[in-house]
Structure formats: C-alpha cells, structure tokens
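You will see subunit A twice below: alongside subunit B first, and alongside subunit C after that.
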Partner chain A sequence: MFVQQLINGITQGSIFALLAISFAVIYGVLRLVNFATGATYMMGAFAGWLTVQYVSRNIFLAMLAGLITGWCIGYLIEKVAIKSLRGVARIASLICTIGFSIFMMEIATVIFGAETKAMPSFFNEKAFTLGEVSVVWYQLFLVGTAVTILLLLQVLIFKTKAGLAIRTVSLDFKTAGLMGINVDRTISLAFSLGGATAGIAGVLGSVYYNIVNPTMGNLQGLKSFSAAVFGGLTSIPGAILGGYLLAIVENFGVQIVSGGYRDIIGFVILVGFLLFRPRGLLGKKTSL
Partner chain B sequence: MKKLNIAAVALGSVLLISFPYIVPNPYLVRVAIMCGIYMILASSLNIVIGFTGMFSLGHGAFYGIGAYTSALLALNLQWPFWVTFPLGGAMAALFGVLIGVATLRLRQIFLAFTTLGFGEITRIVILNWDSLTRGPMGLPGIPIPTFFGVRFSQAGYYYFILLFTAVVVLFIYRLYRSRIGRAFIAIREDEVAASHMGIHLFGFKTLAFTLACSIAGLVGAFYAHFARFISADQFGGNESFAILTMVALGGTGSILGPLLGAAVLIIFPEVFRFLAQFRMVIYGAILIFVIVVKPGGIVGVRGVFEKPVQAIRAKHSHQKGGR
Partner chain C sequence: MSKVLKGVLFLALALGMVCSVYAGGKQEKAATDEPVYIALTAPITGDYAEYGNNFKRSVEMAIDKINAGGGVLGRKLAVLVGDSKGDPKESATLAQKWTSDPRIVAQIGDFTSTCCLAAQPIYDQAGMVQLSPTASHTKFAQGSKWSFSIVGTQAGEQPFIADYAYNKLGLRKIAVIHINNDWGVDTARYFTENFKKLGGTITAIENYFDGEKDFTAILTKLRASNPEALFMAAMYNDGASISNQRAKLGWNLPVIGPSSLYSEQLLKLGGDAVNNLYTVVSFFTDDPKPEIQSYVTEFQKRYGLKPNFHASLAYDAMMLLADAMKRAGSFDRDKIREALQATKDFPGLAGSITFTEKGDAIKQYTRVMVKNNKFELFDKR
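And now, the complex of A and B:
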C-alpha cells in the first residue's frame, strides 16, 4: 500500500511539478500569477486529444500539439493582459488573465461539449512489479518526460543568454532594461515558456487520467499553485519539490480523510504556508 | 439640477414600489428579484475590489455559506427566517474573518488565489458532507418566510429585496463618505502612504473583507428562502466570476456601477435566450474587454483598473505594503 501511494504520488507529482514551474517562471519574472494556467493545461489536453483522435495515434505528436497550443496561448495572454496594460495597476493584468481563463474554459465547453471525453492510453504494458505493485511503462515515461522538461528548463534558465535575461529581469526589470536587455521580449518569452509547459502537462495529464473535459484544469491549476507556494514561488527547484511533495502528501492523506475531501489537502497546505511560511520551503527570503 | 434629482429619485421610487402592480407578471417580478440579489452581491464585492483594491474571487462561496446556514437552521431546527437570516450573514462573516486573517497581510495575488481555492473547497465540502447537506441532491423545501404570521407572497419577496437593496446602497453610500470609507480608498490608492497616515492596514482590510462577506451571506440567506431549493453548484466558481464581471462591467469603485453591471448582466441573458450557452463565454470576453478597452466600466469613474501608478513604484509598494 505504501509503495503504491508513493508511486502514484510521484507520477501525479510530475504533472503538478510541470504546472508549478509554469507558475514559478512567470511569477519570477513579473511577480504575477497567471490565472489562465489551468485553462492552458486544459487547452493543451484538448490539442493532444484532437491530434490523437484525428491525426495520428502518436503521443509525441500530441505532446508537440500541446506544446504549440500552450506556447501560443501564453504569447497571446502576454500581449493582451500584460503588454497592453503596462503602467496600469498590476491587478488589472491579474483579472485579465482570469477573463482568459473563463473565456477558454467556456469556449471549450461550447466547441467540444461539457461531457468528459476518453483519452486513449499509451504504453500501458506492465514494466515491472515492486512487491505487489505493478508499474506501467507510461508512469515511467511520464516521470521521465517531466524530469527531462524540468532539466531542459533549468539549462535554459541558467546556461543560456535568454535565461540570463529572464533572471536579470526577475531581479529588477528597470535596471535590466537599462543594461540593454529587451524586457518586453523577455517577459513574452517567460509567458510563452510557462504556457508551453502547461500545454505539455495537459497532454501528459490527460493521458494519465484518461480523460479530457473543459473543467479539468480548474482544480489542477489551483492545486499546482498550492504546490508552487508550498515549495517556494520564487524558486524553480522549490516549485518542483512542492509539486512532488504535494502529490505524495495528497496520496497519503487520502488514507486518513475520505476520498471526496482529497482536493482540500492542497488548499490546507496553501493556507498553512501562507500563514506561517509565505516564502515556501525553498523560496528566497523576500516579503511576499 | 438638485430639484430634478429629487424628482427623478421620487419617480424612480414610485415606479419601483408599484412595480409588482404595474407589471403583474410573475416572471418579470422574479427577474426583478434576481436583479436585486445580484445588485447587492455586486455592491458588496465592490467594497472589497473597488474601494479597498483587494481581489476576492470567492464571493460566491460566502453567498453559498449564508444560504446553506439559513436553510439548514430553518429545515433542521425550524427556526424562523428572521432569526436564520442574520445568522447566515454572521456565518459568512466568520469565514470571511478566517480567510482574511490568513491572507490579507500578503500580496493581493494570494488573496485572489486563496479565495478562489476557498470557493472550490466550500463547494467540495457541501457536495461531500452528505449527512448535513444531502450532498449533490441539494436542499429542497426550504420554508417560506412569514411576516407577522402571513407567508411571503411574490410581492413580499420583491419588497423585502427592494428594501434590502435600498438599505445596502444607502449603507455603502454613507460608508463611502465616512472615515472608514476614506481609509479604504486610501489603502487602495497607496498602502504605504495610508499606513503612514496612521491607517491600520490589516484592520481596515479585514473590516472591508468581512463586511462584504457578511452582506453576501445575508443575500444568500434570502436567496435560499426565495428559491426554496439550493445545491452546491449554484455557489461555485462561475457564480463568483459572474459577480466579479458585474462589478468590472459597471465600474469598480463607483456606487452606481455594480448596480448597473448587475442589472445588465441579469437582464441580458433573459432577453437573448438563444445565447444561453454562450453566457459564460460572454462574461469572460466582457472581463477582458472592459479591462483592456474601457477600464472604467459603464459608469467610467477612475476605478481600480486605471490607477496611474508607475510600474516600478507599484512593485515596491506592493512588496512592502502588506506588512
């Protein structure tokens, strides 16, 4: 039982971690939360579902579709909600991303219908058994892909010039601008990256749970935000850690509280951390 | 000019009071009652968003808490409406204080997310607490309120909500002009300056938030006894977003704005029935459109969305302001 919960936790944690990263990248650059992350996750899932359904039953193609969709949505949101609202109270941007979130969710409902669609599963042969627990290839694939993406992002942010720009802007964007960094393009890049990560997470998540529906991103987005706060919104490794920890805590927590209350665990962690340690486990010591 | 205003108000009052008699159409009176309910909800959310500049995305949950509290007390303990109605407001206020204390010291974004999360949690708890709330089946048969032994007719509901709306609007109008209201606006404009003027930031923020939640709870209690059936889905995230859209569309920070926004967004879907499935799409689009193109809303006052702060200064004041 213990091993089973741990494995489930790590698998689901990979999805949380990807979304938490999406929050952390944008929060790092702009000190802003993109509310539409959950909706982007959902749109990514639908892009993947369309690809699998109508183009080819290939998970890599589906992931590519999710990535492109997420990238475009992130780019668009930045153009409308951030760039055109420069110099206006920051909260206006936040509310604008909420508008996007509602809009995407409802447009998906109108186009695809509110009912849940089945996403086919991939690689669901048994890989190995650990005691009484069998692990499916897809779980390994999911964790592997997530870790690869997280590593790639880490390389991008810490080893490339674009990453240096992102880090500089997150320290102080006025000075960054004076140093010749194209702040607009950097912010746009951060949003696109965040969107792309969320889009891929959508495909991976929908294949894992085998479902696609317009509201699938709601709780997922909310919980991933809790995960990001848990680990530390200002720190990317923190967000990853928070994602995995939250999923593991959730899976063990279900043993104690009944299944229906499962979704509350993340929220309790969120409020607890905001109250007693707002910077999270690994966050930098800045006031939030 | 002043005479004209008085005349307009008098004419408006006469029209509103005689409405159920001029238009004896139960459907239209029902729409009018729903308008009243949402006008109060939007006005109360406006205390938080428009006056104090904080973002609550869980207003629907406080509305629901009021509704469930009042309904459960009336159904299980047979307490009269006049007792359960204020208790609904009190319960919502209690939760408001708890959420406020947890998040109001932090940056606005956290309040936004926590209240959104709180809304989801409330819905989940209502759905799962079968023994108390009957879960997904909802609560039917909530008793009709009585007034000195006479059961409320539809006109009774109408007059109740009319009076209630009038009291809330008057209260907010007086609040806006009071010391407390000015403190709220000072916090919205610049937290650092406000705190240096001796305004207790945390205290006033909590006050504004709790006030809004208790009003929402009161309306919820009324709604429960008016609709006589409530279920968790009526108080979910969509409800909160709808109220938020009403405030944004009407104009944040004005007294008239939320009233107009609520009226437009309630009447619009009734007139354009064929657009029913696009209702929330339109809400989302309105939210984006209003903020980007017409930040002042219909009324066009200088609200929260047009604060001409420099980005850098805003960053610093937000970072230090909450503490």
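And now, the complex of A and C:
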C-alpha cells in the first residue's frame, strides 16, 4: 500500500512540479508571485478540452493547444499587469495578477458554462499490477512528459542565450540592462514560459482527473505555490523537488492521519517554510 | 466653492433617501400591474455553479408557466436572483438584502445546507419564508418556523439506503467516503448509524474538503480496509471523479450513495467507471408520468440539457410557493408562511410534499442503479 501511495504521490507531484516551475520562473526574474497560475492551468485545460472535443482526439495536439494558450496568457499578463505597471509599487502588479485570475475564471464560466466537462481518458489501460498496486499507462505518460518538460526547461535556462539572459536578469535586472540585455524581452519570455508550463500542466491534469471546470485551478494553484515555496521560489530544481515532495508527503499524510488533513499538511508546510526557511530547500539567499 | 457643492450633494442625497423611504412605504398599496417579487438565492458562480444555474433555470421556467396561466391572484410573478457563490457569508448578506426589500414576499434557496443555515437567523428575525429546495441537513428546517425544505432530510433518506444496501444488495462490510461539510457529515452519520443498526460493519470512514480533485490517496487507504462496497456521500461531480480514480486504481466494487448522485452529469463524467452504482431518487427523468415528461421536454427545449434531481426540486419549490400564495389569498409574508406550513400532498415532480410540524418534507424514494452507463430502476429487473 505504501507503494501505491508513493505512485499516487509521484503522479500528482508531476502536476505540482510543473506549476511550481511556472511560479519559480516568473518569481526568479521579477521577484513577483504570479497568482494567475492556477487560472492559466484552467485555461490550458479548456484549450485541451476544446481540441479533443472539436478538432481531433489526440493528446499531443491537446497539449500543444494548452502550451500555446498558456504562452499567450503569460505574454498578455506581462503586457498588462507588469509592463504597464512597472515603476508603480510591486503590490499593484501582484493585485493585478489576482485580478487576472478572477477575470479568467469568470470568462471561462461565461463562455463554457459552470458545468463540469468530461475530459476523455488516454492510455487508460493497465500498465502493470503488483498485488494491490496498479498503474495505468497514462500515469507513466504523465510522469514521463513532466520530466521531459522539466529537462527541456533546464536545458533552455542553463544552455541557451535566452536562458542566460533570464538568469542574469534574475540576479539583478538593472545591471543586466546596463550589460546590454533586453530586460523587457527577457521578462516577457519568462512570463510566456511560465504560462506555457502551466497550460500544459492543465491539459495533463485534466486528462488525469477526467474533468474540466472553471474552478479547477484554484486549489492546484495554491498548493503548487506552497510547493514552490517549499522547494525554494528562486530555484527551478527546488520547485521540482518541492512539487514532488509536497504531493508525496500529502499522500502519506492521508494514509497515516486522515483524508481531511491533506490540505492542512500542504499549508502547514507553506507557513512553516515561510517562517523558518523562507528561501525553501534549494533556494538562494536573496538580497531583497 | 467645493464646500458648497458638497453641501448641495449631501442635501440631494438625503432628499433622495427620504423620497425612496416614502415610496417604499407607499408600495404596500402598489398598483396591480406591478409584479410580485420572489427572491432566489443560488450559487450562480463558484464551485457549485452548475447546481445554482439549474435552480435559476427551473425557477424561471416555473414563473413563466405561472404567468402564462394568469399569475397568482391576478398579479404576475417575477424573480430576483442573487448569487451566493456557495459561500455562507454571501448567502447571509443576500438574506439581509432580500428581507429589507419590501417588494419581496418570500425567498427560495440556498443550495447547500451550510449556506441555508448561515442565512437562517436573518430570515427568522425578519419574518420571511426561507424555502430551500435542497437543504437536507436535519437541523435546518427545525431551526426556524420560517424555514422549509422540500428535499427530505438525511434522517429520512439514509435508513432507506441502508436497507437497500443490507437487504436488497446483501452487503455487509462498507467503507465510507464523504465531503466534509454540514451535509456530508450528516449523510455519512445517518448512513453508518442505520447500517450498523441492521447488523452491517463500517470498515473505514474518510472525508475530503470542498474543491478537492485528487482522491487516490483516500481511496488507497479505504481499499486497505477491505470493504465489499463503498458508500459515497458526495455530489455527482465529485462522485464521478472518485469513481474514475477508483477505476484507475483497479479497484472494482459496488458503490452506493445518496440521491445527490442522480444526474446525467454523473454518467457523462464517469463513463464506465460509474457502472455498478446504486442510489435512490424521488425524481426520475424516464418516469412516464405526463407532467414529468412535459417538464423534461420543455427544460430540454429551453436550455439544451436534461434536468436533474436538484432542478426538479427548484421547480417544485416555486410551484409550491405559488400554490401557498393562492391558498393564503394574500401576499403577506406571514400568511404565506401559514399556508406553506399547512401544505398537504402537494403534487410535486419529485414526489408529493407534506410538511411535518418542523417544516421538513416527507418523501418517497425509488431504488435505481447504473447499468451500461444508464440509470435504470432497480426493482424492475
């Protein structure tokens, strides 16, 4: 049974990890928490659902749709909430991302209706069964895809010029600007990247849970935020670690204590880390 | 200059208020072409939005039907809709708004027991009928003489379901999963009590909170307790999610649950995973009765989807209220309450309604099951 809980945790953790990265990429460059991440996750899921419903029953196409939607939303949020509000107190941008989150939720309710939609399953056959432990192919696919995306992001950030720009801006964006880095474009790129990972996570999550609805991102967004804080908001490997660890701890918490306590576990971790180790497990000490 | 302007503005505002109070006072003897207002409190947005929208659809449909038939006592009816978002605070705020509006004669709503209980003291103090289509918590209707519920309480429904599980399905060991709110706790408690009374065993009880999407951990834990069946005190959306994730875990067993699971949505969202599910209903869309069929076809024609149990209850609530006003022969809030209390064998879509002294409806239930992704009558087999 512990093996089953571990598998449950790893599957759920993949979704948390992707969302935590979305927080970390944006927080890294701008020291700003993007509270519209949960809503972007939801919009990505809707994009995937529309694709599956009206274009073709293909999960890869759905993921592409989620990616593009997330990318565009990230870009748009940056243009409205960040760029036009730069120079104003940072709190204005923060509130603006919350506004975006509510706005997207209401828009989705108006367009798609409040009813929960069914997302079809993919690869739902049994992969293997070991005693009482059973795993379907989709769980392996989900974890595999998440890990691939995480690796690609690592390569992008540590091996490419755009990634170098992101890292430089995250160290000090004034100096980066003086060094000839296009700070605006880098911030914009970080937001789009963050949006895109959240969008893909939305498609992956909605297929795993077989549901799409306008409020699906709320709890996921909050929990993955605490995962990101857990792992370290400024560190991408930290965010990944935080995502997986949080999910695994939560699942074992349910096993050992009770199902009612699972959210408590997640948020106690959030508060605990904010109090005693605000930089998280792997985060850098920031001079802010 | 600006001080003068402010002063003028203030005077104008004060004058406006005085006028509106005056107008409010005059409303008592309003012209008969002014409609009679009913308030509807429902979660139009938020986690429970689809239930709230069904309330709105059904109530609007009922009002159109009543108005087409000449209205009530020669006056047309109109509805004012308030969005409680499934939030008890909002529900209480709306109650303040409704009770202070002299045009409103009675209120229908809210959806969850929690919201209804939060708003209850306000209706009680102001003296306005609070008629909830769906609040099934045992404390609700007995909490105030102004509160009525037509769904029937869990104290009435669960003994029937426990009997269904123990005697009809022959189940002896059951694990329970329930949502952790007023309704879920109540439902799980009445089921376990009654099932134990019959001689059954409850192997484990687990709960989850509103908005939870991942049930695999809870299910894995319940599975270890080795039950023969799972009792699921959940709304149909969560019910479908729980079933899907149960199927992914490769855990196949019969599932039983309260009437809140009965919905086309359960089949749509759950697919094959919800087969072998047993529940009870007091409203069944395939019921051949002509009034039910005409309601179902009209609902489908207007909104493009099939009504469910909750929708039919909201329709019943509106029809019942109109009936009570007719019997009272008045739109007086107090007289409406008296007439409502005296309701006997009102022919609703979801079974006939008779109120107990405390304001709970006594209901009859029908056993149904899901087979080949369709709801079927259990006893017809």
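Points to keep in mind about this one:
The rule is simple: the second predicted complex is superposed on the first by the 280 of 288 C-alpha atoms of A that agree within 3 Å, B and C clash if a C-alpha of one lies under 4 Å from a C-alpha of the other, contacts with A are read in each partner's own complex, and residues count from 1 in each chain.
The rule we apply is simple: a residue touches a chain if its C-beta (ideal position, glycine included) is under 8 Å from a C-beta of that chain, and two chains touch if they have at least 3 such contacts.
The structure presented is a predicted model; accordingly, all values stated were derived computationally and were not measured.
When both complexes are superposed on subunit A, subunit B and subunit C clash. Of the two partner chains, subunit B is the only one that A:89 touches; subunit C does not reach it. Of the two partner chains placed by the overlay, subunit B and subunit C both lie in contact with A:258. Looking at the shared chain after the overlay, A:116 reaches subunit C, while subunit B stays out of its contact range.
With both structures placed on the common chain, the touch criterion links A:210 to subunit C but leaves subunit B unconnected. Judged by the touch definition given at the top, the superposed model places A:129 against subunit C, while subunit B stays out of reach. When the shared chain is aligned, subunit C comes close enough to touch A:8, but subunit B does not.
Contacts of A:103 after superposition on the shared chain: subunit B is touched, whereas subunit C is not. In the superposition on chain A, A:225 makes contact with subunit B only, not with subunit C.
Applying the stated touch rule to the two superposed structures, the overlap between the subunit B and subunit C interfaces on subunit A comprises residues 106, 109, 218-219, 258, 260, 263.
Note for the complex: subunit C touches subunit A at residues 44-47, 49-50, 52-53, 177, 180, 206-209, 211-214, 216-218, 220-221, 223-224, 237, 240-241, 244-245, 248-250, 265, 268-269, 271, 305.
The part of subunit B that touches subunit A in the complex is made up of residues 53, 55, 57, 102-103, 106-110, 112-114, 116-118, 120-121, 124-125, 127-128, 237, 241, 244, 248, 277-278, 280-281, 283-288, 291-292, 295, 304-312, 314-315, 318-320, 322-323. Those residues of subunit A lying in contact with subunit B across their complex are 31-33, 35, 80-81, 84-92, 94-96, 98-107, 109-110, 173-174, 218-219, 222, 225-226, 229, 258, 260-261, 263-264, 266-267, 270-271, 274-275, 278, 286-288. Contact residues on subunit A toward subunit C in their complex (touch as defined above): 1, 4-5, 8-9, 11-12, 106, 109, 113-116, 118, 121, 124, 126, 129, 132, 134, 136, 138-139, 205, 209-211, 213-216, 218-220, 250-251, 254-255, 258-260, 262-263.
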